[in-house]
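Following this line, the structures themselves.
Paired with subunit B in one complex and with subunit C in the other, subunit A is shared by the two complexes that follow.
Coming up: the complex of A and B.
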């Protein structure tokens, strides 16, 4: 009982602690691929440290939404980290508080508040980015729903722990066509949700072309640190769901022994690293889509998820 | 023991089938001519993989021959013929004039996949064989999607690729229904299909040199001066 709670908190600590590292590694690898040296992989930690010690400037026109949004955005991925399998194969203490849909809603709540905050100040770029994020969100939503429906239909549950065991036992389940198609659709969703390259350029500095990043432009000091950290954590949480629930349900602790759980940590980090390699390859080999081509990208994701559902429905 | 081996092979076959369907959707959806040619090559490789798996599972040397012939003609010969007969200019074109835009055509494609499953379901029920439940509906879906590609695209080369995708779909469904295909049928296909590709390629080349476009959809308005 007690150790389950402890492991659950350890999960959260890993998500909070290693999320900036994942971002740092991504940036570094991308720069290396462009024949540059790139910043240290620990640079995001230094940035956060610096921002946390700076003064904050808040616009006179900003309301309470602007001030609370960073906290909501920061807490949302932390809550989701309680629900998903990060280290263990068996459900932990808070696993049954919410399913994958619940996790999706919590993440969406964080996004909703940052969007509101972007509209809240007088900054002209904020509302523009906010409306674009909503557009991407509206297009991604049906894909999410169909993916979750298919997953719940296949595994008979939407609790991530149960879904995860379904794919790996027996191994033939892993090669199901619907599973592979779901993976592809979910990967496209992660790219869209996190503002990665075919949809948005995460390292771009041109305000007019920004989708996701322009929401945080008005923040400074501690709030900016929280928004940055929240973005990194959301990315980490999405990768963890993708890897531990859908792609590679192996390498997690099977027993409650502390040594097993500790061994699972490097395994998970290795998996995240391998995923980042794939992500960097995708980001470096594609060009950013024009805004109105995003419809096609997510339309393709939608069709793939629908086909996944059809192949599953008719296989019975 | 035998049954677990068979389950894994059928799982792998289902996997190749899913990717096969995905490439068929890709041929409908991509904008670049070159990308649709590459997707067609991938689709042919997947067809060969499925034939190989079925050949091993059912112990049928004919299917191994099908796999070998598919690899030889559809991944090497046909792309080579198409690359050499049609000028490189055509492959560089990006925005293909289409009848429907990409999201709409993809949605229609999803409906066609549903239709394919609806059509194939009674057939699978009627003749239960080891792999028909996987290959037959996916093959029929690929036939529909290939036909839809011909309808929805206006450039000559993607239309030809749609036709070849139909051919791939026929074989994908066929290898499950008739594992002991007479080799003469497969050889005929192996000779026929490259000849079709060659003829259409040469025709496209002529059209391109005369008109500067390969947009077949606009040929309806062609008039004699």
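Coming up: the complex of A and C.
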């Protein structure tokens, strides 16, 4: 009982602690691929440290939404980290507080508050980014719903721990066509949700072309740190769901022995690293889409997820 | 459902490869650049070759490896390469014009997949489970190939649609046990001949109308436009 609570808190700590590292590694690898040296992989931690010690500037016209949004955005992925399998194969203490749809809603709540905050200050770039994020968001929503409906139909449950066990036992389930199609649809969804390259350029500094990043332009000091950290955690949580539930449901602790759980930590980090390699490859070999091509990109993801559902429903 | 218990690893890998073929067909529908489309055609044939080789493995039928080799050499490498050369030689405009938007075409693609699964699975209810599901997915590849031929104006992308359709037929044929090698070789050669004929046609069309947009043919026939 106690150890299940402890492990649950441990996995939250891992998400909070290693999320900036994942971002640092991504940036570094991208720079290396462009024949540059790039910043240290620990640079995000230094940025956060610096920002946390700076004064904050808040517009006189900003309301309470602007002040609270960073905290909501920060808490949302932390909360989701309680629900998903990060280290163990068996459900932990708080796993049944919410299912996958619940987790999706909580992540969306964080996004909702940052969007409101972007509109709040009256900075012209904020609302522009906010409306674009909403556009990507509502195009991504049907994909999200179809993917999770199919997944829960397959496993007979919407709790991620149960879904994960279904894909890996027996191993033949892993190769079902619907599973492979779902993987691809979900990968496209992650790229869109996290503002990665075919949809948005995460390292772009040109305000007019920004989608996701322009929402945080007005923040400074501690709030900016929280927003940055929240973004990194959301990315980490999405990857963890993708890897541990859908792609590689292996390398997780099967028993409650502390040694098993500790061994699972490097396994998870290794999987995340491999995923980042793929992501860097995708990001470096594609060009950013025009804004109106995003519809087609997410439309394609939707088509793939629906085909997955159809093949699943016809019992293939 | 009675057929669920037959799910073994080898069945599921066969189905996965067939499913990937459907996925690559959708990638073809998504492409709006001619050269990228030809790369996807190569990928399509490559997945087909993998699928056929896997069938050879699970059916213990070595002659299917030859089929896989033919798919790999001719369809994955030779034909896309030749089409690519053609595109560059003719100096074609490399964006594909579609009838209707890409999104609508892909939605129609979903409907075709659903249709072929709904039609094929009940019809083949008493046959070998690997074959029946492969045939259902192969039919959707064929239908998507047809859809592609219908919705593209550019003659080269119509050829690509035709080639992917043929890949679908090939998938269906290898899923059923005991397709003789002679049939496969003659099919492969007829495809090559068809390709040559189409190539000659393309050059003739281009010579005469200065475009490979098949809309131009309507004009010469005295139709509207």
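Note that in this section the second predicted complex is superposed on the first by the 315 of 316 C-alpha atoms of A that agree within 3 Å, B and C clash if a C-alpha of one lies under 4 Å from a C-alpha of the other, contacts with A are read in each partner's own complex, and residues count from 1 in each chain.
The criterion applied here is as follows: a residue touches a chain if its C-beta (ideal position, glycine included) is under 8 Å from a C-beta of that chain, and two chains touch if they have at least 3 such contacts.
Owing to the predicted nature of the structure, the values given are computational and were not obtained by experimental measurement.
Colleague: Once subunit A from each complex is brought into register, does subunit C clash with subunit B or fit beside it?
Modeller: With subunit A aligned, subunit B runs into subunit C, so clash.
Colleague: Looking at the overlay, does A:295 come into contact with subunit B only (first), subunit C only (second), both, or neither?
Modeller: Touch partners of A:295: subunit B and subunit C.
Colleague: Quick check for you: in the superposed arrangement, does A:162 touch first (subunit B), second (subunit C), both or neither?
Modeller: neither
Colleague: Once chain A of both complexes is superposed, is A:310 in touch with subunit B (first), subunit C (second), both, or neither?
Modeller: both
Colleague: A:282 contacts which: subunit B (first), subunit C (second), both, neither?
Modeller: neither
Colleague: Looking at the overlay, does A:178 come into contact with subunit B only (first), subunit C only (second), both, or neither?
Modeller: A:178 sits against subunit B and subunit C alike.
Colleague: For subunit A, give the residues common to its interface with subunit B and its interface with subunit C.
Modeller: 170-178, 180-181, 184, 295-296, 299-300, 303-304, 306-307, 310-311, 314-315.
Colleague: If we count contacts the way the header does, which residues on subunit B are in touch with subunit A in the complex?
Modeller: That would be residues 7-8, 10-12, 14-15, 17-19, 21-22, 25, 29, 101-103, 106-107, 109-110, 113-114, 117, 121, 133-134, 137-138 of subunit B.
Colleague: Okay, in this complex, where on subunit A does subunit C touch?
Modeller: 170-181, 184, 295-296, 299-300, 303-304, 306-307, 310-311, 314-316
Colleague: So in the complex, which bits of subunit A are touching subunit B?
Modeller: Interface residues on the subunit A side: 170-178, 180-181, 184, 295-296, 299-300, 302-304, 306-307, 310-311, 313-315.
Colleague: Sort out for me which residues of subunit C touch subunit A in the complex.
Modeller: Touch list, subunit C to subunit A: 1, 3-4, 7-9, 11-13, 15-16, 18-20, 22-23, 26, 30, 102-103, 106-107, 109-110, 113-114, 117-118, 121, 133, 136-137.
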